[in-house]
Structure formats: structure tokens, C-alpha cells
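Next come two complexes built around subunit A: one with subunit B, the other with subunit C.
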Partner chain A sequence: MAEARTFQLSMSPHFGSPQSTRRVMYDVVIALLPALAGAVWLFGFGGALLPVLLSVAAAVAAEFVCLRLMGRSTSAALDGSAIVTGILLAYNVPPGVPWWLPVLGSVFAIVVGKQAFGGLGSNLVNPALLGRAFLMASFPVLMTAGWSAPFEWRNPSAGFGTSGMPAAQVSTLPEADAVTGATPLRAWKDSFAMDDHEGAAVRENLSTPGTYMNLLTGRRGGCIGETSIVLLLLGALYLFVRKVLEWRIPLAYLGAVALFGWILGGPGFLEGDALFSVLTGGAVLGGFFMATDMVTSPVTRRGRIIFGIGAGLITIIIRRWGGYPEGCSYSILLMNLATPLIDRFTRPRMLGEVRKHA
Partner chain B sequence: MSLWKDFSNGFYTENPIFRITLGMCPFLALSTSMENAVGMGAAATFVLIWSNVAISALRNVIPDKIRIPCYIVFIATFVSLVDMVMAAYAPALHKSLGIYIPLIVVNCIILGRAEAFANKNTVLSSLLDGIGMGIGFTLAMALMATIREILGSGSWYGFNILGQAYANQPILIAILPPGAFVLMGFVLAAFAVIDRRKERAA
Partner chain C sequence: MTRLRTFPGGAHPDECKELAEKRAVKRIPAPETIRVALCQHLGAPSTPVVKKGDKVTRGQEIGSQNGFISLPTHSPVNGTVAGLEEAPLPHRRSGPVVVINTESEEGGPAFEPWPDFESRTRAELIERIKLAGVCGMGGASFPTYVKLSPPPGKKIDTLLLNGAECEPYLTADHRLMIERTEDVASGMRILARALCVDDPAVGIEDNKPDAIEAFGKAGIRVEVLRVKYPQGAEKQLIKAVTGREVPVGGLPLDIGVVVQNVGTAAAVALAVRDGEPSLRRIVTVSGGGVREPGNFDAAVGTPFSALIAEAGGYGDDVARLLSGGPMMGLAQFTDAVPVTKGTSGIVALTSKEARRLTEGPCIKCARCVDACPMKLVPCLIAVNSEHEKWAAADELGALNCMACGTCSFVCPSDRFLVHYIKRAQDMIRASKRSKEA
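Up next, the complex of A and B:
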């Protein structure tokens, strides 16, 4: 790309970079496509492809209308950022929800989460996550019960087995009739409400190599885009190679989820399951594709590590003690709000600047 | 004409909610349904009118240095009246307004009008100002409650208007606190747009 690095005869900055908003955004779209393929494989066209397409269409349309109303250039509606928001929002809803839910979420994400704050670059929090928070507050039943089991679209009798895994994939449990959760995290959370013996049996069943394999390949209940871990990682690798993704936030986030999941996530101190914590819920999707949003995450290197660790800690706290089984989206939203503060405290010293004594 | 101005000021040009943005706490908390909004509007209007009248009647007697405590005494008296009357005759409404009835004592609109208006004007002007501001506050409450109740419960004044299918799955956030802030932002933005149109036309 040497020829793309041009010198400009103009005001600074003088070094041009081939990286433009459009290129970055379309790279992210490309990186999210493998997970879409995985979602279609798991949840079918009606369960995965349709919500994503509707959500993207709604996001772009909302962006266009907003820009038009504000008298700005409407070409920005196609810079890819609205498409990314639309895809991420749809990835964050359960596959069994009615078609209008992702549409409504996308419109809210764009209108309130992004354009009301001044458009791309001015939004305080990740618009897609704000859209999800809006849906969670407005339609708690649909957002926490609208699950459909993997492969249910091809085999309607598949249904859920125990612990949020497809029925055929799970080895039978003793006293299994007590354990029905639509997602593994729900099963994990519910296990704390059972008596010690039963709960321990549920958690033990969730901490097996078989479960890890199911989680890795997406054979479990979950939101549209969060379950295909391998394909998400493939997309993240592409972004990394294209230098769009910076490694600090995802690594700090997933590391913190694993660490605190082990320390705090279980029934007692140091009794959690690190691998399970990372592989369930939306940790991988959130860590690579939502926490890393360039607008709403810190710019400094130290800040990014603090951001990732903070989000990881909050995720585990919500999972263990919060009202919802999964805390990934709220943890990132909270850290988004803390981002200006983190940037301020981690501002690098200027060359020659002397540390002030307090 | 000046008396008419005193009266109508609170409707739009100096609407306590949308213009002076006072009294946000009861406004955001109780605009969840028309019933709450009208109940709160009526209670606040009553207190506003009589505290305005009492304070302006005694404006030359109240020592300047301790005027705020004096206002509070008047306001608290009328609030106690409202509280007891409502508890006796409208216990259901009293229960649903809850803590916000006693909190009228520290309502910024009432204290604000006492300090900014009743303290300096005649009893008649203050009476009209109190009525006008009370109506303005109630109208603002009703506007917000209309938006929030229809979106958040699919009903208006308790009557289902958007159908049962909607009422089973409304946009619940509209009657939750975050929805109040978001919708307030949109309403204020709408007022700003109207104003700008007016300015351009003028």
C-alpha cells in the first residue's frame, strides 16, 4: 500500500492514510458475514437472515431520514456505519422474535443512539447496544423468551434439551427434568437458585468438553449472531489482518471475563469456570465487535486495557448477581460512558512534560 | 391587557415545563398516565394559586432576609391541605401519586413563581399568574402523559385505544424512567423546531 501513502500540500495532517471510515466499516461488514452464514445454518433463513436484512434496511433508512431532516449530506447513510449497526443489532436479538422487533431496535439505535448525538463520531455509546437495551427494557418477555433451538427450522421437533443445548446434543443428566433453560447462561444462573446438590450437577454438566464443543460450534440457544464462536473469530482475524481491529480491548475483555468468571462466577470464591464464561453469552461477539467500536472506546493504549478489564468485570458481576443472565451488553454500555474519563486519566505525557506533584 | 398577559404567560411563552424547565421531578415521574398527570396537575395548581395569593398579599410584611422560609411555610400549609383532602376523597389517586404529593412543597415551579412573581406583584396579578402557570403545568403533564401512556400502555386515560394486541406488548420503555428522558428530549426538540419556524416567519 506504499503508493497510497500520499503527501498532501495542505494544512496538517500531512500523512494520508488509506484507512477511511468507509473502508473500515465495510471491512467490519465483511468480518461479520461468516457469523451470519453460521446463524443461517443454525436458525434458518426466517430466523437469522430475515431479521438481519430487515434490521440493516431499517438502520440505513433511519439514517437517511435523519440526515435529510437535519439538512446534511445523505451520502453518509451509505458509509457502512449504519449497516454495521443494523447487523450488530440483529445479532443481539434472539432468533425467534417477531420481524418488527429488530426493525424497531435499529430505528431507535440510529435515531436516539447516534443521530440525536450528532451522528457518527459523536455518539456516546454504541448505538447497536443502546438499541438492544431499548428492546430489553421495552419487550423483556420477547427478548428473554424468544429463543429458538439450533436446527429447529429444519427439524421442528428438535426443541431445547437441557441447559440450552439442542436436545440431541446433551448427555442426559440425573434429575434432568429440573433443568430447562433456553440458554446455557440461563441454566448456569438458575442453578444458583436450586439446592446445592442439584445446582452443582447442572454446573458440572455445563463444564464438560462436550459442552465446550457445543458452545464453540454454536449448538446452543442464544442470540442470532453470538453463538457461532468459530466464525466470529474468523471475522475478527480478518479485521486484525486488515489492521482495523486493535488487539488490546478484546484481549483485555475476554481475559477479564475468563479471570473474573473463574474467581467470581461460581458458587464460591475461585469456583467458576473460565472457559465456559468466555464461550457463552455474547462475550466473543461483544469483545471483538462491540467493545472495539472506535467512537466509543478509549484512544489510549492503557485506556483500552482498563476499558476491557472493566467491561469484563461488570459482565461477570451482572451474570452472577444481576437480574439478567447475560451482562455483556450492559457492561460495554457502562464502559462506553466511562470512556471520556478513562481517556482523560490515561492521557500520555507530552515530550518534556514534567509530572506535577499533587 | 397586562392582566391577560399575566394569565396566559404560563400556557406557552413561559410554560413552566417546556420553557423554564422547572418542576422536572414530578413531571418526569408522574407523566406515566393521564390519571396521574391530571391528579398531579390539579394538586400543584391548587397549591400554586393559593401560595401565590398568600405570598403576594403579605409581600410587604414578609422580611426580605427570611422570605424563602416564609414561602415554604405557606406552601407546606397548602400542600398539607391537598394531601389530607386527597387521602380522604381520592385514596386511590393519593396512593398512586405517593411521595410526590408531599414533594410539592419543594416544587421549583411554586417556589419559583413565589420568588419571581408573587413577591413583586399585586394579589390579582399573582392569582392570575398562579392559575395560568397551573394550567400550563397541567397541560404539559397531559401532553407528556398522552405520549407516554399511548406508547407505553396502548391506552389513554385508562381506555384502551391501540387494541389488545398492542396493549399486550407495548413499548414499555415509554412509561419507564429512561423513556421519560428520551421523550422529553424529543418534545423539547419539537418546541425548538416550532420556535425556529416562527422566528423565520417573523
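Up next, the complex of A and C:
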């Protein structure tokens, strides 16, 4: 008989799926690209492409330096997660901001939002959103005055750098066929400060099929990556097909935004506009790409639904009564903080478990 | 065909069955030296009743039953006892074995054959199944007679045969079902009689249409199961077929169900109908690391190396040698270990087939949560285990993990979830014991 041969020992299972974290992250990167194309179409190379590239470069560089300083493997800087953070941060700033703003935001996002917590998987809140919150708190004027209207880059003479534009003028501009004004949400919010009649007229103007079409195609003021709804949906579809995205959070979030937008988002009870609520601001970007950040959202199924609904409700409350016209990113940040608790209280019923009813 | 039955959760590893599923079972003679483990079954090892130099005959008892959860062990060959020793085994680091030098394998039945088993009493049948040393052939090797002796007050109404064989690569049960349908069918009738159950059924995944057809022809109720891992796990099989859930911390018999592997049923048929103790079994030898994968009928005690040789020897690249399939099988340090009654397969994985052994951080993607067939939250149990928070792991239901490996399989970060969870289980059990003491 032949000599006995020996082998490496290891724990079961000895089989793994071909999935990898890297692949998951790069799938998200791919899914975010159509919206980048849309952003370039709307806001130009300088307005969209440059900030995104700078932001990504800054995120990856910050990640690299952190890993280096902590003596960890620097290859993780290219695992795709820093790229995702960089893209998302840039997507959440207005197109007209100075170049260093997204760079600063990205560095903050990576260093404070991610690596300070222990790196990939350990952070409590979405780093990109924390970066954005930091920019909002530190540079409020730049972050809310940097709006440029869609297509302005192709036609600078038209000159509707619209940060100061009174909300009453918000309309579908014929020459660009776009909803302009700082953002449609700002207009919606400002309408509550007007007298009833005027405000109602503004809102009526925003709740038209023409406006919805413009919102869908991104022809409105907004952050770099949030306006191209159709292209964002295309990316989300890709993630669904690749099984990277699970439906619960986006559906619960957008459903809640629509529902509470209708219930609470208007001048009176049940007088809001559900569709407008979903199509404006960062709801679609947030619902599909930020609330769904795996690290910072619940792992249980019921938890994901609670998370989505909670974030949707907070979004609408901030939009209607908060200090900012848009509440998407703060709502997600708040729910991020609640995630460990949600996971704890939504442990699924184990197979064969009989729940005691108190 | 009726609708496919299934259970919640699970995953779809590559089946890799094509390597061996068409290879008819080849009976191989017992090699010159065999090592028959005295602890092939779960529970207390048999007490050796032979010593070095003794002549043994095929079917002779070489170890006697030692307690309720225990079984006798028999010699699969005629030969001489070369010694008793502690030797490495496939399912545990080491255990007591009887080394036998084989002379021949001839010989009649060890017990009186009962082709008329219908006229035997339940007690007679159960006693025979015990004396023949029949234990579960599907993996856990639990003594079969114990499962047939429910404590008073427990009424069994359902008998399910497990022909799911959901582990990748393994085809031993599949071949058994199509080549020895009659043995399985007889075993099923004997088991049903022993349990006083009408209308037993066999559950088979729908990737084995020939087996489904064979049982259909034999007039046996077949429950067709959707191909999904771990469909062959006892609780998942019960859930899929009956819709019942085995209570947490309980046993199938608590809900009136007994599950037996198809291989066990065949062993029962041999024991009762033919008077043959459990001496041999079908073993799949497969994986990219063997040259000619196949299914072999081998005597217990046959070293893995001999079966690998039957399968054309190792290929150029063998990263891992497993007893069992790649999901729950145990990695072997040496191929000198002997086949036991529970050895369903020997799988040699190439480095490409084997799972990566570098783990990344948990990105909380929840794939493990969605896939866990026990509906646990593996990622959180693992994190608590890593931080040695045993009480928290216990609260999360760590003890209900059956180590099926589905969670680690789907994890994009290749986390060693099963390892962490098992560690938590050990610590939780230890602390419960010390509290009781």
C-alpha cells in the first residue's frame, strides 16, 4: 500500500460562492456610472465629472494613507468601497461648488467616517453621508449656493445661476425645458412661507405631468448625482439583477417617502404630492444607493423594512418642518445610528421557535 | 408531477454531481489490512470483545454495545485481529479501532434471514436492527434503533426517507436508489412497521429523475424536492415535506416524525431480511483531485487511500481531502483514515475548487442572514463570538446552528462563520454545564 499522504486541514464549508466583497463594491460602482453620464449631460465636465473624479481620487488616497499608517494591507484601498464613498460624496454636493469641497468631504468621510471606526465593515454611519453632513455644517453657504441649472454649462449666457432666484419664478423654462430654481424642493418648501394663494400656485406648478417628466429625466436643479432618476433606476436594476441589492430597504424607503409625502408633505393633512416627494431631492439616490449601504443598515429582514420606513418618515418631516429643504441624507444618518438597536430587536423567529407573548 | 417542495433560506452551490452520478457502484474487495473503528456510531464506543491474535469471521461481533446510545460493531471480513489501537478517524481526531488482517469475505448471514419480516413483531425488528449495528448512514451516525424507540407518550405518525443528497459531489445515495431500489423499499417497509406508520414517503431532489421514477415504479410515495442546499438536513426536509417545524431544542419525534436516510433503510433491509449486519457501504469518491471519480461499495475499515487508488489515484492538484461533501464534510489530515458506516463520500478538492482561506471583514451584507435555513443571524453571532460575548451569542440562538455552512458559503468576505459559531456553542455549553454542576 502506498504511503499515507497528508493534507491541509480547514474548517467546513470547503466550498465558497464566487462572490467577493470586491465584486460587490465594483458592482455598486458600475451601477452608479449611468447617473454620472447623466450628470455630465446635465452639468458638464467641470460641473460633474471633475468633482466626481477628484472626490474618488481623494477617497482612495485617504484610504491608502490611513491603511499605511495603521500598518494594514494597502490593497484594501482598491477594494472598491472607497471608490463608492468618493462617488457618493460627490453625488451629494451641488454641481457648482469649488473643486476642493468634494475633496475635503471625501477625506473627512474616509478618515473620520470610516477608518476611525476601524475601516470597512466597522463604521456606524454611512461615510459619504457623514462627509456631506460635515460639509453642510462647515460650508453651509457653498453647499446650498452652488446650484447650477441643468444645461447652464452649454449656454452660459443664459446665466441662470439660480441660487438667488425667488421661488416664485420656478417654472419649466422653455429654452432649457427644465425645472430650475435652486431646487424644486426649495421651491416647495418656500411656498409654505408665501401667502396661501401664491404658495398654492407654486405647488400646483410643481405638481404637473410636465414637471414630473423633467424630474424623471433630471432637468432640474439638484446635487450632482441625484437628479438623473431614470439612470439611477437603471443602475439599481443592474444591482437587482446582480443580487447585490435587496428590495426591502429601497421599497420601504421610497414607499414611506411617497406615503408620508402625501400625508404630511403638503399644506394640510393628506395634501402632499406623493410622486413629487419621491422624484425630488435625493430620495431615489438615497433609497437605492445610500440607505442600502450594507455596513450601516440592518441585517434582519424586518429591520430593513423598519429602517426604510423610519428614514422615509424622517425625510419628509425634515423637508416639511426642518431647517433644510432636503432631509434624505440626515434621515439615513439618523437611522444608521439606530441600526444596531433595530437589529437587536428584530431577530428573526428561528425555525421551530415559539415566541413567548408577553 | 406535484409541486416541488422546499424550505425557506438555503443556497445553490455548484452540484458537481456529473463527475460520479453516472458511475455504477463498483464493489471492491476488502484490502489486506482494515481498521474497524469501534466508534462509528454516535454515542458510547463499542467495548472490544476480541484481542490480538483472535480469529474473526465475517459478521462476528468484535465490539459489544455499551449503553443505550451505542451499538455493537462487527467484523466485515474473515481474518485475524492484528491488534487494538487508537488511530486517526475521519469523523474525530482519533478513536479505538480493531486492526484486522483480511483472509476472505465469504460466509453466510450472521443472523437468521427474515424474508417474512411482515410477520415479525415490532420489538423483534427493533432488536434485530440494534444487533446488526445499524446507524444513520447520512452523516450523524445516530443509532437507528434508538430513533425507532420513541419514549412512551410520543406518537410517531410520519416516516420520511431522506434521499435528498444535497451535498455537492456526493452520489452514493443516488446510485443506491436506482441500483438497489428494492433494498431501500424493503427497508422502508420494515421501518414503517417498526414505527406503526402508514404511508411513509421518500424525499428526493428533482435533480435525480431516475431515482424518482424508480421509486414511483416500486409504488412508493415520492416527495419531489427542489434542489437547494441544505435540503437533506433533517429539519429542512421535515419542513419541506410536512410543513411542521421541529421545536427549538427538540427532536423530530416531538412532532411525530422520524427521518431515516435511504442508505440506512437499505442497511435495515439487509439486517432484517437478509440477516446481514452493517459491514459495507457505498462511498462516492469524487472531486477535481481524483482522476476517475466513481461510487464504490467498500467494507468499513477500508483506508481512504485504497478507495482513492480505485478512483484512479490523485490528480496533480489536491488542496483538501474531505470525508463527506464540501459543505459539511471534515477535512482530513491523512488518507490513512478508514471508511466508517457514516462515510458517504471522499472528496479531493483542487485548490481552485476549495474555498479561499483568507477572511475579510464582515460588510453586513446580510446574505448569511437571508440564507440561513435555521433563520439565525450568523454575522451577529460570529461578531459576538469573536468578542467572546457568549451570552449575547446564546441569546441570538447560536445553539440552534447545525453547522450546515450555508452562511459561510454565501459570504462575500469568506468569513469563517461556522467556526465562530461552533466556538460560541462550545463555550455556551461549557458554561451551562458548569452552572448546572
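Please note the rule applied: the second predicted complex is superposed on the first by the 310 of 358 C-alpha atoms of A that agree within 3 Å, B and C clash if a C-alpha of one lies under 4 Å from a C-alpha of the other, contacts with A are read in each partner's own complex, and residues count from 1 in each chain.
Here, contacts are C-beta pairs under 8 Å (C-beta built on N, C-alpha and C of every residue); 3 or more make two chains touch, one makes a residue touch a chain.
On a predicted model such as this, the values are computed, not experimentally measured, just so you know.
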Checklist entry - Counting only touches as set out at the top, which of subunit B and subunit C does A:301 meet: first, second, both, neither? => result second
Checklist entry - Touching A:50 in the superposition: subunit B (first), subunit C (second), both, neither? => result neither
Item to check | Touching partner for A:348 - first (subunit B), second (subunit C), both, neither | outcome: second
Next on the checklist: Contacts for A:251 in the overlay, against subunit B (first) and subunit C (second): which applies, first, second, both or neither?
Outcome noted: neither
Next on the checklist: Applying the document's definition of touching, compare subunit B and subunit C: which contacts more of subunit A?
Outcome noted: C
Checklist entry - Considering each complex separately, which residues of subunit A are in contact with subunit B in the first and with subunit C in the second? => result none
Item to check | Contact set on subunit A toward subunit B in their complex | outcome: 104, 112, 116, 134, 137-142
Checklist entry - Within the complex, which stretch of subunit C touches subunit A? => result 8, 11, 13-14, 31-33, 168, 235, 239, 245-248, 250, 303, 305-306, 309, 314, 318-322, 326-336, 349, 353-357, 360-367, 369-370, 373-377, 379-380, 396-397, 400, 403, 405-406, 408-414, 416, 418-419
Item to check | Residues of subunit A that touch subunit C when the two form their complex | outcome: 1-2, 4-17, 19-21, 23-24, 81, 119-122, 246, 294-301, 304, 343, 347-354
Checklist outcome for this item: subunit B contacts subunit A in the complex at 169-174, 176, 178-179, 182, 185
